[in-house]
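You will see subunit A twice below: alongside subunit B first, and alongside subunit C after that.
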Partner chain A sequence: MVIPDFTHKMSAHCESGALTSLLNHAGLEISEPLVFGIASGVFFGYFHKAKAFPFPTFIVRNKPGQMRRNIEKRLGVEFAEYRFKDPALGMSRLDELISRNIPTACQVDFFYLDYVPSWERVHINVHFMIVIGKEEQQYIVSDAYFPQIMKLDERSLEKGRFAGGNMSPEGFLFHTRSVPEKIDLETAIRKGIKKACFNMLSIPMPFLGVKGIRMFARKVTEWPNFARDTEHLSHEIMKINILLEDQGTGGAGFRFMYATFLQQASSILRLPTLKDLSQELMLIGDGWREISLFAARIGKNRDLGAEKLGQLGAMIAGRADAEENFFRKLSKVVH
Partner chain B sequence: MPTTPDYKLKMEIKTMILDTLGITDVPIETIEDDKPLFGGGNALTLDSVDAIEIIMAIQRIYGIRITDQHIAREVVRSIDSIALFIADNRENKAI
Partner chain C sequence: MKEKEGFIDYPEQQVILYVEKEDGQFGPMQTGSYISANFIDDFRNKRIALEIELRNQLISNLISPVRFYMVLEELTLSELSARSGICKSTVRKHLDPGGFAKATVKDLEHYARVFNISPANLLQVIMVHDGEQMVSQAIPENKIHTLSIHHSTTQNPFIVLTNIEEKK
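After this line comes the complex of A and B, so read on.
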């Protein structure tokens, strides 16, 4: 069986895409950029020495699950959530939910999704997709990264949902429980923007927000100290491109998606300034894309001397200045 | 109806790719329009870093910013797909 009337849509990011599809199915017409913006998805964090990461790394969005919680809080939507220790129980609960025609989002390790070509499979424990049916031993899946509905073997889904490691999914499921009849989109947008500005400008931690971008700019020159050899360093430097461009970020580390949100917010709030800021953020995003390209190029060419890493650091510092200026202006528009 | 990309546009795209990537040893006439640019099978064999360069060159030269990496992947598949994309989106500057 397949849940009737579910519309599959591709989206830039798996979590905001899954949230958007579930909300759309529940009757709330809302775009992925609006979901992302209301959920204050845009962020930056740099982790130079952290237990969870063997090598310095960074994030460009808020932590997994935070978007869902922010959407609940700001739109008044209610999601039902489930975690399981027992895989059999986790699978039978999923079967029961889809038998009741409830599209259900699953957190999975991307590596175990057998419809993903083998060369694209990597271990990412926080991938989200929606199960919309089951036919014999195969689940029918709406995965926002694919243009059409996919089929996934029962065993593969179980492995993906109960994979181990950092941020393991623990069989996590969620679905929409209720959507309020009336939603105050304008207030939700303002709150989402205010929180994003706070996160980028005012969290008193030296590695979060704009301060985190500055730390990244300073510390990237120290990356050779963490690497086993040139191959390892080049791999890590090239990962900058992957983290910014190729992990469902919508390009430029979610900056393009946030710019699209501001453009849509400009119409809803009737604030033309937001449209100007949207264009400014697109240009800031272009700068992040330049960083992606530079990192990919020096990594590919193994051209990783102090001079090149210094240049990379200077480019990143430029983004910190631009984003500080941008978020200060944005915070004044919605104060 | 999709716009049919013409010969001139495809030649422009091939020149753009060769110039952007600094490739001098591949004659332009050997690049096939419908063959994949990645993974072999064409006179040009490109990688993911080249793909970003091409995406940025499309933005610089044609003013079209591709903000969705799923679309980007499809666009840079072949000369035909790049040409079709540019022809269809010249007026719509952010995709």
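After this line comes the complex of A and C, so read on.
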């Protein structure tokens, strides 16, 4: 069976896409950029040494799961959430929910999703997709990263839902329980922007927000110390492109999607300044895209000497300056 | 980014980008993945080279199968320990051939689950003739043209049925 009337839609990002699809299905017309912006999704964090990562890395969005919590709080939407210790119980609860025609979002390790091409699969425990049906031993899945509905073997889904490790999914499921009749979008947008500005400018940690971009700029020149050899370094440098562009960001590490949010917010709040800022962020995003293209090129050419990495660091530092200036202006607009 | 700059002709991997449309509005466009369209062969070749290097170390008894898959799947020691439920100091021992010899069958089952392989594949490397050279089936990127190898799990978690068929 497949849940009737569910519309599958490809999105830029799995979590904001899953949230948008669930809200749309529940009758709330809202775009992915609005969900992302209200949820204060835009962020930056740099991790030079972390137990969970074999190599320095960075993130360009807030903590997985935080978007859902922020949407609940700011829109007044209620989600039902379930976590399980027992995989059998977790799977039977999912079956029960879809038998009641409730599209249900699952948190999974991306690595176990059979329908993802093998070269794209990585162990990352924070992928979200929506289960919308089951046929024999296969689940019918709406995954925002794919243009069409996918099928996933029962065992693979169980493995993905109950993978251990950092940010383990613990079989996590959620679905929309209720959507309020009236939603105060204006207040939600203002709160979302304020929190995003705080996250980018004021968290007192040297690796988060704009300070994190600066740390990334300084530390990228040290990456050769972590690499096994040139091939490994090339792989990691080229991953900068994947993290900024390909891993579900909508381009430029979510900056293009956040610019789209600001443009939509400008109309809703009737604040033309936000439209100007959305255009400014689009240009900042173009700079991030130049960084990802540069990283891909030097990685491909194995041109990874101190000079090129220094150049890469300088380009990243340029984004830190631009974003600090941008978020300071943005915070003034919504205060 | 302008819409026309975002277009990449690569149907194999589609992504959504937010772009500036001709009317000045920002919105989503479905397009191909830039990195896949331009650099996928480089990614594949690096991965295959890494697999060959690790396999040579494995068959020379310099590393254990646990290290082989841990490096290939880009897991850290802490992460593998947390995912397998085997304590970190024991995993560390299992990374070397001497320590691996002391791993229990249950440990192998836990590792195999994390690596998404059958336990049998922790003790064997299946090589397949691809028409020009022998390649291993340890990573799916290898382009095996003539044979298809498929593992079927059974009720017994330690026994796997390996089906080798000539591709039609």
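Here is the rule we go by: the second predicted complex is superposed on the first by the 334 of 335 C-alpha atoms of A that agree within 3 Å, B and C clash if a C-alpha of one lies under 4 Å from a C-alpha of the other, contacts with A are read in each partner's own complex, and residues count from 1 in each chain.
In this section, a residue touches a chain if its C-beta (ideal position, glycine included) is under 8 Å from a C-beta of that chain, and two chains touch if they have at least 3 such contacts.
Everything numeric here is computed off the predicted structure, so don't read it as measured data.
*Asks:* So, on subunit A, is it clash or fit between subunit B and subunit C?
*Replies:* clash
*Asks:* Using the touch definition from the top, say if A:A296 reaches subunit B (first), subunit C (second), both or neither.
*Replies:* Both partners, subunit B and subunit C.
*Asks:* Could you say whether A:G251 touches subunit B, subunit C, both of them, or neither, answering first, second, both or neither?
*Replies:* In the superposition, A:G251 touches subunit B and subunit C alike.
*Asks:* Now for A:N241: first (subunit B), second (subunit C), both, or neither, which partner does it touch?
*Replies:* The answer is both, since A:N241 touches subunit B and subunit C.
*Asks:* So in the superposed three-chain picture, is A:D286 touching just subunit B, just subunit C, both, or none of them (first/second/both/neither)?
*Replies:* Both: A:D286 reaches subunit B and subunit C.
*Asks:* Touch test for A:K194: subunit B only (first), subunit C only (second), both, or neither?
*Replies:* The answer is neither, since A:K194 touches no partner chain.
*Asks:* Kindly classify A:V122 by the partners it touches after superposition: subunit B alone (first), subunit C alone (second), both, or neither?
*Replies:* second
*Asks:* For the three-chain arrangement built by superposition, which of subunit B and subunit C touches the greater number of subunit A residues?
*Replies:* Greater contact footprint in residues on subunit A: C.
*Asks:* A:A52 contacts which: subunit B (first), subunit C (second), both, neither?
*Replies:* After superposing on A, A:A52 lies in contact with subunit C but is clear of subunit B.
*Asks:* Name the residues of subunit A shared by its contacts with subunit B and its contacts with subunit C.
*Replies:* Comparing the two interfaces on subunit A, one with subunit B and one with subunit C, the shared residues are 10, 12, 145, 147, 238, 241, 245-246, 248, 250-252, 256-257, 260, 282, 285-286, 289, 293, 296, 300.
*Asks:* Can you check the complex and tell me which residues of subunit C touch subunit A?
*Replies:* So the residues of subunit C in touch with subunit A come to 1, 6, 12-20, 25-28, 30, 33-36, 38-40, 42-44, 46-47, 49-50, 73-76, 78-79, 82-85, 113-114, 116, 139-141, 153.
*Asks:* In their shared complex, at which residues does subunit A touch subunit C?
*Replies:* Touch list, subunit A to subunit C: 10-12, 32-33, 51-55, 111-112, 117-120, 122-123, 145-147, 155, 159, 163-166, 168, 231-232, 234-235, 238, 241-242, 245-246, 248, 250-252, 256-257, 259-260, 263, 278, 282, 285-286, 289, 293, 296, 299-300.
*Asks:* Mind listing the subunit A positions that touch subunit B in their complex?
*Replies:* 10, 12, 145, 147, 238, 241, 245-246, 248-252, 256-257, 260, 282, 285-286, 289-290, 292-293, 296-297, 300
*Asks:* Contact residues on subunit B for subunit A in the complex?
*Replies:* By the definition above, subunit B touches subunit A via 47-49, 52-53, 56, 59, 65-70, 72, 94.
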